[in-house]
Amino acid sequence: MSELTLERGLAAFRAEIDAPIAAFFSSCVHCGICAQSCPFYLETGDPKYTPVLKLEPLRRVWEAEFTLWGRIKRILGLEQKVTDAMLAEWEELLYDSCSMCGRCSMVCPVGNDLAYMIRKTREGMVQSGHAPEGLINASIRAITTGSPMGLQWKTLAVQIKHVESSSGLVVPVDKVGAEYLVLLSSMEVINFPEYLEAITRIFDHAGVTWTLSTQCFEATNAGIQIGNKDIAAQLVERVVAAAEALQVPKVISPECGHAFTAIRWEGPNLIGRRYPFRVFHIVEVLEELRASGRLKTEGKETDRLSMHDPCNLARKSGVIQPQRNLMDLVAENFVDLDEHGKYQWCCGAGGGVSSNERAEPLKMAAFKRKKAQIEKVEPERMVTMCATCRTQLEEGLETFNMDIPVVGLTEMIADHLVEKTPAKDDTRA
Amino acid sequence: MATPIPEKTLGERLRDHGLSRRGFLKLCAATASMMALPASMVPRIAAALEQARRPSVIWLSFQECTGCTESLTRSHAPTLEDLILKMVSLDYHHTLQAAAGEAAEEARLQAMEANAGEYLVIVDGSIPGPDANPGFSTVAGQSNYDILMETVEHAAAVIAVGTCAAFGGLPQARPNPTGAMSVMDLVKDKPVINVSGCPPVPMVITGVLAHYLTFGRLPDLDAYGRPMAFFGQSIHDRCYRRPFYDKGLFAESFDDQGAKEGWCLYRLGCKGPTTYNACATMKWNGGTSWPIESGHPCLGCSEPSFWDGGGFYEPVSVPLTANAGTLLTAGAVGAVVGGGSAALAKHGVKKADAERQPVTIDELEQTQ
Amino acid sequence: MSDLDRIIPETRAAKNCARSPRDFGNALPVLNEIRHALERLVETGEETRIDLSGMPFGPGDLDRLTAWLGKGEVTATVEALGPTQIQETAIPGVWLVDYRSGEGQRLTLHLEIAPVPELLRPQPRDLAEALTLLDARLEEDQGTPPESS
Amino acid sequence: MNSAMDFLLWTKGPMFDIAMVIFAVGLLARLVEIFMLGRATNYAEPRATEWLPGFRTVLTRSVPDPGTFQRAPFNVLVGWIWHIGFLVALLLFVPHVELVKGVLGISWPALPNPVVDVFTAVTLFSLVATLVHRLTHPVKRHISTVEDYLVWTVVFLVVLTGYLAYHRLVNPYPLALGMHILCAEIFLIILPFTKLTHIFTTFIARWYNGAAFGRKGVQS
């Protein structure tokens, strides 16, 4: 029976090296600025968490096999070898202490996209058998059950019933030819069922046709987090198959950061072809509805609100202004954190850190950066649009005894929808 | 022309020739100036010269152009005439002596015998080395090398006058067809003083003689065996145009405004920064001017390998042979090498991709 | 070119470079050196000689210096090994001593900071022989001029 | 003959050729090694084109975001100062301009020597500061390798010998100049094989970074 080995890991590192990787490693001057952008270094003060150092295994393979001088060094016996022991040591650095938030990619003076390199390095870690247990289990569950948390359709079906009874609306399922296929994340289904009700009401309000798919409802991708193409591709294929089966032109990724980047940016490359549909984050869809006047709201939140931009949505996907436009729609006392948008700070839970139980202390340490940001602005509530971020914010704020509730943006929009009766008149007219 | 060892001191001799004490004092002032010594040294020089004795000098000319002799005979202070008559006994010099043929050579041998161990040998011109064809340069059928070695054997010291004698000069420039060598390449067991320059500043030649005469010993020398008094500072350091260099004001062509204003000639190829000589203070033609003052960059003629040290009009910082062609060729080679290296790497990537085993959940489970 | 032309500066050279007036050059440091020497002369009587031919002067520097020093009351010529022109500058105690060869070429040019330039004073050994010389002359009724030593 | 002038002529002659050839071969090899690897086709629907954001990042990445500047002001400022000083001395000193003109036939205006001198002195001080920083800052000390110190030494020696040569503080001058040229040649020789390649590859890296983020709608 086949097994994961160092050789497979090295081959995976090799296969991941492309022109940008070579340019990045060629350019690093060890200035250490990346550490100043990493919440894991900043909040622990341990220099081993310097981002560029986390890439050492990949760098060694690049130097030895992709440079002239490296080849000469290899002949002279000066090669720095990548060993199993080394990879075991680096497992913590590449998984526990990196949420792939990409902030280092934004500040590196020579322009290195470190998050891109971390993602590629994880490929070799998986192939060599050095991925953390929590992520392995999530991957296995995702493949075998369809959900990283082992959630079944029957659980979701119960949620759908609740939503339908509380809203008096129908949640469309397996509706061929709908405009949007809505995907969910297991965490939302379990922790934040209000999201499903919110989109049901908003889409009904705006007259959007949409559907869920019994074939695939899960948007999250454990393969992306653990860093393995094979698992990631299988999970993406499920989404594509479901969308193709229902012949939808658009797919909506839920309030989950990595799920969006997985489907939106990595997915087509994982399966090696363009999608027959387009992918949007729910915030993008809401913004489009708002801009086209299909979102009619009344009243505004009056308390002081601030917002946490999920890294995957803002910095890594360019969705920054839409959520602010939507906030302006429903909040009159909104204030941004000091560093926000593409320069926001990670909550500390992304990139698989939240699925990696072992990383719990580091995850909480990294949160302190966010905590400090929140303390500076002193909001009464925080708004966000990622279930993982939201969970982390709630846990973190509770840990530090800060009484600041966290709400999802979509629900907040749903709360302010104008009552539907006049809309019926409109359709009649 | 051979002279016996002078029994009288120089002071007595000069007075015999009718020189008054004021005249002698004046001679000393001129000598101090010539030796680049401070004027405060004049009394000491006077005391020393009073007691000095005339040395016998043998002048040998080899592969040379007579420019050095020309330079010396135009030395104005004191004129060579004075020097010959009053200060040294020039017993042999091809160009200047009256005697010719056998008699001339006889004069040299006589002087050597009469002053064995005490005479000075002045050499101008480079010498075809012991391994070169001796026929490249001969005097009276004798090779330059043989004459030099024979003459130097009982000399007190050798003064190599001019860059050819000091460093090989023009004859030694690549490809050095005559196997030319400098005096110090060949003479290892006698003190050799190099008075380099093409030609040397005439006062420097006489100054070295005056120093030997005055103090009875050789002057302090630099790493090239040149008298520190004259070669201790670079042209650049003593150049009156130095303030322009320091201010960054340069002539960029020979007729631009900078050239007319007398700005620094660095960009026109001036070798002043790397050249050590006394031109900036001693000047030429009776103190009238010197190359930089007349608007021409220093060629660096008093330095070794100056003929092979880059174009006269190339600034000091310009590499000798490197050019864009070399760079482009090397770049092209690099591209090919890199292409090979990258192809190899790319092959590795493709192989890794082709042989890639997908990760299965079974495999993941095993690592638990 | 007459000797006096060389020693007593004219404005000719200054005019030549008037187009590019320069407030630097190597004349100024010499002027400072003269000042220090003069100070020593006044305070301790120490005399100083400065060799101007060894200075890295640029065109016009020497002329500018001599122009600055100006011309004093005393001019003297010593005929020994060619002429030597001695010119007092406008600064008492500062002398220009221009040593020339028999052909009129300058051997060297000194500045002497002294009450009287060395060359003008009788040399001590000559002075020692002076009395003998005078006696010899008195003894010679015909008054044949003695040879100078 | 083992003399300063021979040494200078050796550094200006054969050694310069050797250094330039190794530099050109090594650098081109490295650049080809990078570009030939290429990038996989990206099938994801882009939000924007890559070219313009790529070039924008090439420029804008020279200036850090305000937050980073606040967190690492010393690193940023000293880095800026010595890079500017080094570039001014390298590109705008008259002898260097003449060198480029002599080798490549292209030239540009230079700065007055005293200005370059000030830049050089400041560069020397800031280079020392970077070394102190590297030796004392926990992150920099931790991530520094032998190569980092080697490269620092070579860069420092290039500037130092240049300064000494300009001020003629080493005698004889041909020795001082030869040392400076030799150090510069060592710099050229190690450039393609050390982190000094960033002089060229940083623009490639920045472009790739800007392009990757740009196609997702973020100006990185």
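Think of it as A, B, C and D in the order they're written, each chain with its own count starting at 1.
Following the convention adopted for this analysis, a contact is a pair of C-beta atoms (placed from the backbone, for glycine too) under 8 Å apart; a residue touches a chain by one contact, two chains touch by 3 or more.
Since the structure is predicted, the reported quantities are computational estimates derived from the model, not experimental observations.
Student: If every step must land on a chain the current one touches, say how few steps get you from chain A to chain C.
Tutor: Minimum step count, chain A to chain C: 2.
Student: Which chains make contact with chain A and with chain D at once?
Tutor: A chain counts here if it touches both chain A and chain D, which gives B.
Student: Could you quickly compare B-C and B-D and let me know which has more C-beta contacts?
Tutor: If we tally the contacting C-beta pairs, B-D comes out ahead.
Student: Taking each chain's centre as the mean of its C-alpha atoms, which one lies nearest the mean of all protein C-alpha atoms here?
Tutor: The chain sitting closest to the overall C-alpha centre is D.
Student: I'd like to verify one number: the distance from the centre of chain C to the centre of chain D, where each centre is the average of its C-alpha atoms, in whole angstrom.
Tutor: 59
Student: Would you mind pulling out the distance in Å between where the CA atoms of chain B average out and where those of chain C do?
Tutor: Inter-chain centre distance comes to 34 Å.
Student: Quick check: how many Å separate the C-alpha centres of chain B and chain D?
Tutor: Once rounded, the distance between the two centres reads 39 Å.
Student: CA centre of chain A versus CA centre of chain B: separation in Å?
Tutor: The mean C-alpha positions of chain A and chain B differ by 76 Å.
Student: Provide the list of chain D residues touching at least two other chains, using ranges where the numbers run on.
Tutor: 26, 29-30, 33, 36-37
Student: Going by the contact rule already set, what residues in chain B reach two or more other chains?
Tutor: 337-338, 341-342, 345, 349
Student: Which pairs of chains touch one another in this structure?
Tutor: Chain-chain contacts present: A-B, A-D, B-C, B-D.
Student: Can you list the chain A residues touching chain B in their complex?
Tutor: Listed in rising order, the residues are 1-4, 8, 11-12, 14-15, 17, 65-68, 71, 126-127, 129, 131, 133, 136-137, 139-140, 143-144, 228, 230-231.
Student: Within the complex, which stretch of chain D touches chain B?
Tutor: My answer: residues 1, 3-6, 8-9, 12-14, 16-17, 20-33, 36-37, 94-96, 98-99, 101-105, 110-116, 168, 172-174, 177.
Student: Show me the residue ranges of chain C that touch chain B in the complex, using the header's touch definition.
Tutor: 20, 24-26, 48-51, 53-59, 61, 78, 80-82, 84, 97, 99, 101, 103, 105-108, 110, 118-119, 123, 125-126, 148-149
Student: Help me check something: in the complex, which residues belonging to chain B touch chain A?
Tutor: 337-338, 341-342, 345, 348-349, 352-353, 355-368
Student: Could you pull out which chain B residues touch chain C in their complex?
Tutor: So the residues of chain B touching chain C come out as 15, 19-27, 29-30, 32-34, 36, 38-40, 42, 76-79, 238-241, 243, 261-262, 280-281, 286-287, 293.
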